[in-house]
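Each of the next two complexes has chain A plus one other chain: chain B in the first, chain C in the second.
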Partner chain A sequence: MVNPVLLIALPLLLAFVSIVFKAYKNNLLVFGTLLNAGLVLTLNKGQYIIGGFQPPFGINLVLDDFALTGILIINGLFLVITLMSLEKLEGFASVLLVALAGLNGLVLTGDLFNLFVFLEITAITAYILSSASKEYRYAFNYLVLGTLGSGLYLFGLIVLYAVFGTLNMADLSVKMAAVDASQLVLPSLLIFIGLAVEVKILPFNGWVKGVYSGTNSLVGPLFASVYAAGMLFVFGRIFAQVIPLGTYLRTSLVVLGALTLLAGEVAALSKTRIREILLYSSIGQSGLIAALFLSGLVFVAVMQLVNNALSKAILFTVAGQMADSTGTDEGEELQGAFLEHKIAGVGFTIAALSLIGLPLFYGFISKMNLLFGIFYSDNYWLPVVILLGTVIEGTYMVRLLVKLWTPGDEGIVSEKAFATERPLTIQSSKVMGIVVLSVVLLIGGLLPAVIQDNLTDSGSLLDEVTPAYLFDLKGGQ
Partner chain B sequence: MTFDIVVILMFLGAFSAYLISKASLKAGAYATTVFSLGALAVLLMGRSEIGSEFSVLFMNFEVTVIGWYFSGVMVLVYAMTSFFNSFWMDKMMYPGSYNFLYLFSLAGTLGLFFASDLITLFIFWEVVVWSSTFIIPMGKSRRAAVVYYTISSIGSMATLYGIMLVYRISGTLVIQEAFVPLKEDPLTATVVFVIFVMAGLTKIGIFPFHIWLPLAHGSAPHTFSPVLSGGLVKMGAFIAYMSVAILPAYEAFEGSLKIMGIPLQLYFLMILGAISIVLGTLMAIKQEDAKKLIAYSSVANGGYILIGILMMDQLSFAGSMMHLFNHAIASAAAFLAIAVVAYRTGTTKISELGGMIHRMPLTYLTYLIAIISLAGIPPMGGFVSKWLIIQGLADRGLMFMALAAFFGSIGSFLYVFRPLAAVFLGQLKPEHEHLKSEPLMMKIPMVILMVLILYFGVLPKWLLGIIGEIQVAAGIEPVMMSGNTILAVNGVLNTLNVFMIFGFGFLISLIIFLLMQKSRRVGLMDTYTSAEFIYTPELYHYAGAFYAPFERLYQNHPSVEKFLGAIAWKFHELGTVVNALFFSHKPAVTVFWTSVILVMITLGGAGI
Partner chain C sequence: MKRIFALVLVAVVGILLFSGIYSMEGFPRYGEAEVSERVSMSYIDKNVTRENQEVVFGVSENLETGSANIVTSIIVNYRSFDTLGEVTVLFVSALGVSLLFGSFEGRLRSRYKPNFILRTGSKVVFPLILVMGAYIFIHGHLSPGGGFPGGSMIASAILLMYLADEDFRVRIDDFKKTEGIAGAMYVLLGLVGLMISNYFLSNFLDTGTVGTLFSAGIIPVVYVLVGLKVGSELTGIITDFLKGEVE
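Moving on to the complex of A and B:
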C-alpha cells in the first residue's frame, strides 16, 4: 500500500536533490511530477498517521474522496502544465517541486496547524513564481497581502486552540458543532479572511490584478488552475466540513462570494487585455465556487472547480504564450491571431465556451448541476446572480473569441489580410497539452457519466452536507 | 428511416462537411446541400412516424406534429439557402468551419424541435445560439455577433431560470408533465410564463429585444442572412407556442384580469407584438441597406406571428402558423435575391444599385413575388395568413392589435416597393452594364421558393390541413376549409377565386403591354441638367431620401437602442468603479477593506 505522504515527501526530496545536481533539475522535475501523477492512481482511501501519535494528538493525513479528487486534479494538471512549458522553466524547477509538495500537503492534511505550514510553503513558492514577470512590485504586494492573510488565519487558529484545545480537523468539527455557532463568529471569520486572500474573494484579492496580469505561459496556468484549485479545495474542506457556520455568518459570506462573482465579471467586461479579462473571470469563478462551498453544496462546487481549472489551464496557456511571443496581449492588437493556429484556437474556444457553461462541453454539465443544487437548497436569489454573471461572462468571452478569430473593422467583411502581423508562435508541446485538456472538456460534456462517476465519490462522504440531487441527465428523475 | 438517425446523421454530416471542405471547398459546400436536402426528404417521408420517441446519449426526443412542422420549415430554408454556399467559399474567412457550423446549427434546430424534456430543449437552444454566433462575424460586423449572443443569452438564461423553477415545483423535466402543477397556482404560473417566454421574445426579435436583428441579419454573410431571418427566428415562435399551449396559459390565467377575454399577462405580450409590428414597419421604411430593410420587416412579421400564437384560437393561431411558413420562405427568397445582387455587384446599398431587372430578370421576379407575399398582397401565401390573423383579431374585438396589423400591412407596401424600384427597376448604372446573369445553381432554389410562395397562396389546403392537426393536438378547434374556401366567422376566402381574378387582371395588362408601342431604353447618363453634364451616376438615383416627407413625421422618435446601449455602458462603468475601489496596486487599500469587513461582520454577529 502506498502512503500518500510520499506525494509530499518525494517532491521535497527531489527539490533538495535538484539544488545539488543543478544540471539535472529539469529532468528531476519531470521525474517528480510523473511519479506523483502515477502514485495518485495507486492510492487507497483512508487515514494515515504521521509520526506514530494517534489523532487528535498527532498529525494525520486524510485521504477521503474529497482529498483524492483534489490531488488527482492538482497532480494531473501540474503534470500537463509542466510538460507544456519545459523550455520555459527559467530555473524554477526546484521551486515547482516544492510547490507540488505544498499543494499536495494542503489538500491531504487533517490538521489545521499543519495546514498553516503548507499554506506558507505554497505561498512562498507562489511569491517566487510571481516574480517571473519581473514586476517585483506586484510580487511584493502579493507577499504583503499573503502574509496578512496567513497572519489572520494563524490568529483564528490560536483562538480556536485556546477554546477547544485541539487542532485536528475531525476532532475540532465535532467539538465546534456542539457550541452555538454565533459564539464562534470571530475565529471563523479570521480563518475565512486568511483563506480568502488566496482564494481571491472580494475585497481581499487586491494582489491578483498585478500578479496575474503579467504571468507567462507557465506561471499563468499554474496560478489560475493548479494553485486556485488547491486553495479552493482547502477552502471547501474547512468551510463545508470542519467549521460549522451559523446562519448569519453563512449568509454574509455567501453574499460576499456572490458579490465577488458579479464584481469579477463586471470588471472583466471593462477590460481589453486578454490576461486581464481572464484574471477577473478567475476572480468571479472563485467567488462562485466559494459561495457553493459555503452553501454546503460540496459536490457541485467540486464539479465547477474542475471545469474552471481545466478551462483556465488552456486559456492562460494560450494568453501567456501570446504575450510571450508577441509582446502584447491586447485583444485589438491580436485580431485574427488564431488564423495560423487553428488547433490552439479551437482549444481556446472550447475552454471559453465550457467556462461560460454552454452545452456539449463539461461546463454545461457542471452549471446545470450547480443550478439544480442551489434551487434544491431553496435559494432563489443566488441563481439570479449566477445567471446574470453568465450573461456578462458570455458577452466578454464571445467578444474576445470573435476578435481573435475574425479580424477586420466594423462594416468590412472579415478577411485574412486584416489579421495581426505579430509573430505568434505556439510550441507543439503546448498544442498537445491544449488538445488533451480540451478533449477532457468535450468528453465531460458529451459523456458526463465518465467524469461524473469519478466525482460522485467525492460527494458521497459529505452526504450529510450535500443533499443528493444529482442531475442524472435522464430528463429528471 | 427514423428521426433519431436523422438527428445523429446531421451532426455527423456537419463534421464530414468540414472534412470534405478540407479536400475541396466546393464539394464541402455541396455537402451542406446534400445533407439538408436529405433531411428534408426524410422529414417529408417520415410524416407517418410522428409520435415516435427516442434517446441519444442523455437527451430525450419525441416527434410531435408541431415539432415536425417547425423542423420542416427550418430544413426547407436551410436546404434552399445551401445552394448559395458554394459561391461564397473563396470569399469566406473560414469556409470549412462555415460549412461545419451551417449544418451543426441545422442539426441543433432539429434536436430543439424534437426535444421531449426541458434540458434537451435548452441544450439544443444553446447549441444553435453558439454555433450561429460564430458564423455572423465572418460577415461585415464583429459587434453584431456580440450583440446577438448577449441578447440571446439574456433570453436563454431567463428561460433556464424558468426551467429550474418548473423542475423545483413539479419534480420532472418532461415537457408534457412539468407544467401541470402550475395550473393551480396562477402567481407562480405568471412568473414562470414571463421568464420562460423570454428566450422566445429575444429570438423572434420582439420589442425591446429586436435590436440584434438588423445588426445580425444585415451584416451576416449573405448566405446566412436568409437562414437567420427565415429560419432561426422561428425558434422563438416555438418557445412562445410552448409557453402558451403547453403551460397552458389560458387555463392557468383563468382567474386573472382580462381585457376583451384575453388574460392580462398575454395581452401585455400582444401589445409588445403590436409595437414590434409598428416599429419594424417604420424602421424598415427608413433603411438605406436592402438587407437591413428586410431584417426590420422580420421584426414586424415576428410581431404578427407572436400575436397569432398568443391568441390560441381557431383563426389567428392558424394564420400565425401559416405566416411562420410564408415568412420563412418569402424572407429567405428576398434575402437570396439580394444575395445574388451582392454576389454580382458587391454591394447591398440601395443607392449604389438600380436596373438589375435588365441583367437578372429571374432574381427580380423572385424578389417581387417574395415581397408581395411579405406585404400580404394576394394571391401570395402571405395574404392568406395575414387575412386569417386579422380575421381572428377582429372577431375577438381586439381593435388595437388589428389596427397595428393593418398598419403593418399598409406600411409594408411602402418599404417593399423601395428596393424593388431602386434596386431592380430604374436605370442600370454604367458600371453594371456588363454584369452576368445569375448562375444556374442560384436559380434552382429561387424558382422552388417562388413556386412554393405562389402555390400555398392559391392552394393552401395541404398546409392548413397540417396546421389543423397542430391545432387539434393543442386542444383548440382546427381551421375549417371546404374545397379551396377557408371558412371564417366573418366571411370566407376562396383563394382560387382570388387567384383567378388576379390572373385575369394580369392577362389584361399583359395584352395591353403587348399591344402598346415598345418602350425605348435610354441610358442613365444620356441626359443633362441645365445644360450641365453630370458624371456621377449616384446623383441621378432617386432612391435616396425616398420617403423623406413621411420619415420627417417620426424622425425624432425615441430609440430603445440608445437606452440599451446606455445600460451596457453602465455595466462597463460599473466595472471601472469596482476596479478602482477594490483592485488596487496598493496593499493598503486591501488592508483597509479587510478591516472594514472584519469589523462589520463581527459587530453584526455580536448583535445577534
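Moving on to the complex of A and C:
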C-alpha cells in the first residue's frame, strides 16, 4: 500500500538532493514530477497517520475523494506544465520540487497548523517564482500581502486553539459545530482573509495584476492553474467542511465572491493585453468558485475548479509563449497569430470556449451542473450574477479569438496579409501538452461520465458538512 | 493625510480585534486555560499511546517520547512533520535569496579597517560560540533550545568573522552541500520510520531513560541534523546578503 505522505516526502528529498548535485537538478525535477504523477494513480483512500500518534494528538493526512481529486489535478497539471516549458526552468528546479511537495501537503493535511506550514512553503515558492519576471516591485508587493495573509490565518488559528485546545480539522469541526456560530465570527473572518489573499478574492487581490501580467510560459500556467487550484481546494476544505459559518457571515462572504466574479469579468472586458484579460478572468473564476464553496455546493465547485485549472493551463501557456517569443502580448499586435500555429490555436480556442461553458466542452457540463445546483438550493440571485459574468466572459473571449484567428480590421475581408509579422514560435513540447489538455476538456464534455465518476463521490462526501472521519479524544496507535 | 488615515485604520482594526477576542465566550483569560481539556495535557503526561503513568526525571524508561524537554517532545516527536515543514520553509527562503543575489559579486566593505583587538578577539570567541551552538542543539531534548537556536548561533559566529575580518571568506559550496545532505537525511529518517513502523517520521529508536544524553530515540539525531542545516543555511544567507550589486 502506498502512503500518500510519499507525495510530499519524495519531492522534498529530491529538492535537498538537487542542492548537492546541482548539475542534475533539472533531471531530478522531471524525475520527481513523473514519480508523483505515477504515485497518485496507486493511492488508496483513507486516513494516514504521521509519527504514530493518533489524531488529534498527532498529524494526519486525509485522503478522501475531495483530496484525491485535488492531488490528481495538481500532480497531473504540474507534470504537463513542467514538461511543456522545460526551457524556462532557469535556476528554479529545486524551488519547483519544494512547490510540488508544498501543494500536495496543502491538499492532503488534516491539521490546521500543518496546513499553515504548507501554506508558508507554497507561498514562498510562489514569491520566488514571481521574481522570474524581474519585476521585483510586484514580487515584493506579493511577498508583503501574502505574508500578512498567512499571518492573519495564523492569528485566527491561534484564537481557535485558545478556545478549543485542538488543531485537528475533524476534531475542531465537531467542537466548533457545538458552539453558537456568532461567537466564532472573528477567527473565521481572520482565516477567511488570510486565505482570500491567495485565493484572489476582492479586496485582497491587489498583488495579482502585477504578478500575473508578467509571467512567462512556465510560471503563468503554474500560478493560474496549479497554485490557484491548490489554494481553492484548501479554501473549500476549510469553509465547506471545517469552519461552520453563521447565516449572515456566510451570505456576506458569498456576496463578496459574487462581487469578485463581476469585478474580474468587467475588468477583463476593458483590457487588450492577453495575459491581463486572462488574469482578470482568473480573478473572476476564483470569486465564482469561492462563492460556490461558501454556498456549500462542493461538488459543482470542484467541477468548475477542474474546468478552470485545465483551461487556464492552456491559455496561460500560449499567452506566455506569445510574450516570450514576440516580446508582446497585445491582442492588436498579434492579429492572425494562430494562422501559422493551427494546433496551438485550436487548443487555445477549446480552452477559451470551455471556460465560457459552451457545449462540446467540459465547461458546459460544469456550468450546467452548477446552475442547477444553485437553483436547487433556492438561491435565485447568484445564478443571475453568474450568467451575467458568463455573458461578459463570452464577449471578451470571443473578441480575442476573432482577433487571433482573423487578421484585419472590422468590415474588411480578412486576409493572411494582415497577419502579424512578429516571429511567434511554439515548441513541439508545448503543442503536445496543449493537445493533451484539450483532449481532456473534450472528453469531459463529450463523455462526462469519465471525469464525473472521479468527482461524484467527492460531492456526496462533502455535501454533508459533517466530517468524514471521527475519533475519540483518547486513543492508541 | 495618508499616514493619519493609516494610523486611524490600524487603531480601529486593533480595537476590533481586542474587543472581538475578549467578548468571545470560551476564550480563556491569561493563565486560566483548562489544560486538562486540551491535547497538550497528553503531551505533558506522555500518554498519547499508553496508559497514564507517572514520569520521573532520570528514572522512567521507554516512554513514547523520551525527551525531558516537553517543548522538544512536541516539536520533534508529536508534531515532527511540522518541523520538517519549517525546515523546508527556511530551506526554500535561503534558496530564494541565493537565486535573487546569484549574479551579484564581491562583498561589502566599510571605509575603515576593523581594529586589531576586534580582529584577534573575534578569533578567540569564534570557536567558543561554535561549541555553544553545538552544545545547544545536541542537548535540545534535555535543556531549552534545539536545532534552530543552535544553528542560528553557529551562523552568528560566521557573521562575527565577516564583520571582524574583511578578507574572511567561507567556501559556500561546502555549506550548501551540508545543508542539502542534512535536509535529505531528515527526510530519509522519516522514510526509515515509514518502513519500520508504517508511520512517517515515527520515533523508531529506543527512547531510553528520560533525562539522559543518550535518550529520546531519533530526537537528538534530528536536532543535530536541523542544527547543521540551519547553521549552514543562515551562513549562506549572510554570505549572499554581503554581496555587492554589480552595476
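Rule of thumb we're sticking to: the second predicted complex is superposed on the first by the 463 of 477 C-alpha atoms of A that agree within 3 Å, B and C clash if a C-alpha of one lies under 4 Å from a C-alpha of the other, contacts with A are read in each partner's own complex, and residues count from 1 in each chain.
Criterion: a contact is a pair of C-beta atoms (placed from the backbone, for glycine too) under 8 Å apart; a residue touches a chain by one contact, two chains touch by 3 or more.
Remember, it's a predicted structure, so these values are computed and weren't measured experimentally.
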| item | value |
| --- | --- |
| Which superposed partner A:Leu86 touches (first chain B, second chain C, both, neither) | neither |
| First (chain B), second (chain C), both or neither touched by A:Leu446 | first |
| Partner chain in contact with A:Val98 - chain B first, chain C second, else both or neither | second |
| Partner chain in contact with A:Val17 - chain B first, chain C second, else both or neither | second |
| Chain B versus chain C as contact partner of A:Val185, first or second or both or neither | both |
| Touched partner set for A:Gly408, first chain B, second chain C, both or neither | first |
| Which superposed partner A:Ala170 touches (first chain B, second chain C, both, neither) | neither |
| Partner chain in contact with A:Val436 - chain B first, chain C second, else both or neither | neither |
| A:Leu35 touches, of chain B and chain C: first, second, both or neither? | neither |
| Contact residues of chain A, present in both the chain B and the chain C interface | 185-186, 474, 476 |
| Chain B residues within the chain A interface of the complex | 57-58, 60, 91, 93-94, 116-120, 122-124, 126-127, 130, 133-134, 137-143, 145-146, 149-150, 153-154, 157-158, 160-161, 164-165, 167-168, 171-174, 178, 219, 221, 571-576, 578-579, 582-587, 589-591, 593-594, 596-598, 601-602, 604-606, 608 |
| Residue ranges of chain A touching chain C (in the complex, touch as defined) | 3, 5, 9, 12-13, 15-20, 49-54, 56-59, 91-92, 94-95, 98, 101-102, 105, 113-114, 117-118, 120-121, 124-125, 127-128, 131, 159, 162-168, 179-180, 183-186, 474, 476-477 |
| Chain A contact footprint on chain C (complex, rising order) | 17, 20-21, 24-28, 33-34, 37-40, 42-43, 48-50, 64, 77-82, 84-86, 88-89, 91-93, 95-96, 99-100, 102, 176-177, 179-181, 183-184, 187-188, 190-191, 193-194, 197-203 |
| Footprint of chain B on chain A - complex, ascending | 137-138, 141, 144-145, 148, 152, 182, 185-186, 189-190, 193, 202-210, 246, 248-249, 252, 256, 263, 266-271, 339, 353, 358-360, 364, 368, 371-372, 375-376, 383-384, 387-388, 390-392, 394-395, 398-399, 401-403, 405-406, 408, 410-416, 446-448, 473-476 |
